[in-house]
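Below, each structure is written out as structure tokens.
Each of the two complexes below includes subunit A, the first together with subunit B, the second together with subunit C.
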Partner chain A sequence: MVVARVGERVRWSTVSTIGAFVALGALPIGLSAMDQSYWLQFSTRLLLLAVLAMSADLVWGYAGIFTLGHALLFGVGAYTTGMLASRWGWVELQGLIPPAILLSGLSAFAIAIFLFAGSNRVGGIYVSLATLALAYAAERLANGWPTLGAANGIPGLPIPLLFGYQIDLGIRFYYAAFAVFTVAFAVVVSVTRSQFGLSLLAIRDDEERAEFLGYSRQRIQIAALVLSGLLAGMAGGMYGLHEGFVSPGFVGVGLSTQVLLWLVLGGRGRVWGALLGVVLLELLGRVMQDRYPRLWPVLVGAALLACITFLPDGIVSLPVRRLRERFRGRGRMQFSGEPA
Partner chain B sequence: MSNDFTRREALKKLAMTTGVIGLGLSGVLAACGDDEETTSDTAAPSTDGASAPATDASTGGAPSGDPIKVGVLTDITGPFSVVGLSNQAIAQFTIDKINAEGGVLGRPLEMVLVDSATDPAIGAQVARKLVEQDKVAMVIGGIASNMREAIKSVIATRGNTMYIWPASYEGNECTELVFNTGQAPNQQLDPFIPYLLENAGKTFFLAGADYIYPRNILGKVRELVEAGGGTVVGEEYYPLDATDISALQNKVLSSEAEVLFSVVVLPLSIPFHKAIIDGGFTGKIAGTLFDETSQILFADAATGMLASQDYFFSVDSPAGTEVREAFAAAYPDASFSSTFNTPAWYRSFYLWKNAVETAGSLDTDAVAAAMDTAVFEGNPGGPAAMKAGTKHCSLPIFIGEVQADGSVKELLSAGTIDPTECG
Partner chain C sequence: MTDTPRAAIEAVDIHVAFGTLRALSGVTLAVKAGSVHGLIGPNGSGKSTLLHTLAGKQRAQRGAVLMNGVDVTTAPASKRSRRGLSIKFQLARVYPELTVADNMLLALQAHESLPRLVLSRSRHRLHQSTLDRLEQAGLAGCADDKASVLSHGQQQWLEIAMACALDPAVLLLDEPTAGMSPQERRRTGGIIAAAAQRSGVLIVDHDLEFVKDLCTELTVLAQGAVVANGTAAEIEADPLVREVFLTRV
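Presenting the complex of A and B:
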């Protein structure tokens, strides 16, 4: 019974996943055929932001750690590549990205130890407040630290190379970002389907019960945050190079909040929710900004409010809902904004 | 359960109400938005209507052919929107004026406006749109330096498009294809500090917010004060997001300096300058950010403030008076003041027009080469010219004093000052 159900779900999701990847892979060919270099670079940016959103989903959607400072980990990655590229003249991606991943992983580890280790560990709302304070402090620090370019950030980052092969903006950078996205996707999917992923869900849904069953909340949450930090650092490093600059906003509260909004709109705890949220919100923002330059923040805000109220599980829950109805409530993860 | 139910119901009702209000509002706003577009389209010709035919006659015909797209990037929303809306107005005004005068290379200019929302990350996105999607011939804009830093590589380095930065700023911007048409620090300070030493006092207190602009400006002020035989009795910076700087006020008052050189910025500049005057400060307040807007911000505390700028309304310049009055008539809500960079925006378009016409084409390298020595006789304060090799603009500079009625009285015309940048 159980095997059959899992089988059905896997078949459906495998088909749609392959379809989505083929579409993402073909997108730049179509866009460059139509000479749409702007939309190609726009899509590249969205893929990288989607990696950030997926990394945040890992801690919020799966591990239930509601962090208000996730951009901090992204920004550490961006500043790492920014410093290496502008101060030391590194241009090779294979040299720039690993330090970014490593440093933000380490930062995530330090934050996780601070938050979750020891006897006076932090829980619930205090995790949110602590991460909020960290992101705020990081933004202040970046704003005031001349070595990091202070408020001006690090401008004029070079176009990177990959083993001597120039990764121009446009089709090449898109595929580099696509590779990063694929790696992150694979990591998130394999992690969430592993024993470890199930223990994350267990802790998210009922901490005490999971602990009674012998799971160490500390270890699992620390591991989730570090993993998320590695992915966020990878996204941040690539993002800085793609945008050509790094600024204090990259580590700040603003971007951290934006990440949450993407997940709210797209849907948490489901791997495609992140990309969906990023694409919808950024595209909506882009179009609104062109149409109503002075009103777009209000309109985007109203759209978000409507989504939170009527679709608390995000857009991604729409097909899932229908599917679940078809299988009479035999859907996999129950994730609802309302605690049961 | 019932509790949950009522909460949900309440939420639903709230959401419905919000939704309805939101929809209604967006309808109204959408109408306003359309209105705005049409008014700016129709109002522009009508405001120029009086002068357009005459100018046409004198220059020989309206522009024809494909419009040349010009990218205008500024902060329409966010904390800097007041300045951004003035930027938008002067851009539209100048483009309409140039079109009425026959356009550039006989073609009309078309403004492509984007909102950088006072956020460098958004600025980079919209700058990319201008360059990659709209394929504009030139981008002008940016208010704060961090915006310039974020957009310059997208536009100039990666986009191979000319970028004009029309703001007085901290200096040292020498990137290829980036041209600075605002005041460089030495232009505001070289004549200003000797004037202060002679007329206001020898002891200076330097106060500013802790970021690159005040630090660079006050660093140069200190050099000039010490070179001119004055002394700096205090130099203090406060965090940009501080909410209270009464400690700084006390330091200024107890220093007994004769001149307070202030680069204290909004929003704290409002209580700060008031507290300094109320606290019995008897010296002079001088700064790089004062002009006709000062009295609006600081009320009585503005009276007597000393300023150094590229234009004051009181400057005796027929070209300046004419354009300022025409602008005020067309855009009564916008400001023509120097701190809003309005004169710099105005001359930027004409300097670029001069460069394009010298080059005879829109070829980026040819226009950039011509821009190096572009000239504009009709600059509000008097003739302006790009100084070859500096990527900055030689400008007439004036020193003035804010009067009780908010106007700025010209005390000294310092003549044309060359920028000492990128040399």
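Presenting the complex of A and C:
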């Protein structure tokens, strides 16, 4: 009897991933050739926001932790690089980003301990409310704390260096962001395809059943949030440097909500869903907001409602569904909740 | 003096109440290692509550749960599982959206350390063990199918196979043959008998014929209390059991 190999990846998924990376790698060359520096910077921004979306997807899409304050971890990373660059004059990326990642990871660990450890752990909807409250409090704190620049934030961040090589805005920063995106993508894909990724799905789908199998829910949820915090911190640190400033909005409820909208639209629990959501909403937003400032928010609301009702797995599930049907006749495949 | 084998799991004077309803009143029961112990009784007699109390799902208001002599009364379900306790629920609780192979892998990797899980990078390491276990359960042919497409009987087998995956010291089975055809019951009986060579098994079932053939010892519960305990022949001959159980199921 022939038994299909467990965990076998579908070939088209690898091909499309390579294709997408080649396209992302070639994008700045094309934009530079067309002298589109605005869109080059815009693309850099999208790559970093996609890392934030992927980190949020790790906790919501895979671990089932519905956080309403994910930007807090992004903001910790941004404020860390902002403080180091403005107060201590650090400009080297290799010195700025690791502390951002570390502090964000530690913040995630502290939040995870608060939420999940102990017998009186916060559960269900209260995780969302608690993280919402934390993000709100952090934004208020940043708004009022002079050391963090209060409402003005930290403006005028210098252009960073990488081993003495200036990473100015444009093609160089794009590739730095692309490197960050690639690392985050590799981490998320590796984690979600690992045995740990399967444990995340078990906790997400039936927490109690997983505990009866012997899984420690606390440890797995804490690990997922910390891992996500590390990625969000990396994205936040780079984002602040790219924008040249850090503001209280980076840690707040607004950006946290936006992250969820990207995931709802793009698709949760699928790595490309996060990127798709960011690109669609931000790109369309950029184009539509100026032309139809009153209509655009209504359209976004309608699109999200339609998505939740008719495409609960997000837009990314559309091609996946079609390809699954197309390939069904050619042999067995395995999707099993793994990223497409 | 003879050495009596230590019980794989023991319930000692267990009391559980839901508000004013007393679900279990002073239940004491011991499952010996390598034996199959049947727990029977009419609906609402407290069988499932006792199983949930042993597994750590339900907290006892009074009494103790011992595993191989160690008190685990306050230990959460995951710790009891790591001590060697495994449970199959009354309604099959497999992961419907995952493949059959992933369900089995979940059971096989459940006791691995967190760093090992995180650093595993792929799910291939336990591939062969996964397939072997599925082969034993007769489910290797549907390894790549979602668990939701399995028949009721196949889902029950998958859950029993998951419960047996790590050769537990204690195996709790809540109505393992519910909704099965006679043929499927016979096969399930074979699976349980094989598991009993390595584990102390406690079965809750309504089918007296099924448990009678399989169990070395039976305990009868009625209204949350033990009314009889002994071999199948002793239980069948007990007039109180006949009145309580045989006439009311």
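Keep this in mind: the second predicted complex is superposed on the first by the 313 of 340 C-alpha atoms of A that agree within 3 Å, B and C clash if a C-alpha of one lies under 4 Å from a C-alpha of the other, contacts with A are read in each partner's own complex, and residues count from 1 in each chain.
Methods note: a residue touches a chain if its C-beta (ideal position, glycine included) is under 8 Å from a C-beta of that chain, and two chains touch if they have at least 3 such contacts.
Bear in mind the structure is a predicted one, so any value in this text is a computation, not a measurement.
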> Is A:156 in contact with subunit B, with subunit C, with both, or with neither (first, second, both, neither)?
Replying inline: first
> What is the contact status of A:169 with respect to subunit B (first) and subunit C (second): first, second, both, or neither?
Replying inline: first
> If you stack the two complexes on chain A, which partner ends up touching A:205: first (subunit B), second (subunit C), both, or neither?
Replying inline: second
> Touching A:195 in the superposition: subunit B (first), subunit C (second), both, neither?
Replying inline: second
> So, A:249: does it touch subunit B (first), subunit C (second), both, or neither?
Replying inline: first
>> Just to be sure I read the superposition right, which of the two partners does A:220 touch: subunit B = first, subunit C = second, or both, or neither?
In response: second
> In the superposed arrangement, what residues of subunit A touch both subunit B and subunit C?
Replying inline: none
> What does subunit C use to touch subunit A in their complex?
Replying inline: 55-57, 76-78, 81-82, 86-87, 89, 93, 95, 97-99, 101-102, 105-107, 109-112, 114, 116-127, 130-131, 140-141, 143-144, 146, 162, 166
>> Under the definition above, what is the set of subunit A residues touching subunit C in their complex?
In response: 1, 3-7, 190-191, 193-199, 201-202, 205-206, 208-217, 219-220, 223, 332-334, 336-337
> In the complex of these two chains, what residues of subunit B are touching subunit A?
Replying inline: 4, 11-12, 14-15, 18-19, 22, 25-26, 29-30, 33, 76-77, 81, 113-115, 117, 119-121, 124-126, 128-129, 131-133, 145-146, 149-150, 152-154, 157-158, 175, 210-212, 239-241
>> Show me the residue ranges of subunit A that touch subunit B in the complex, using the header's touch definition.
In response: 36-39, 41-42, 45, 140, 143-144, 149-153, 155-157, 159, 169, 243-245, 247, 249-250, 254-255, 286, 289, 291-299, 302, 305-306, 309-310, 338
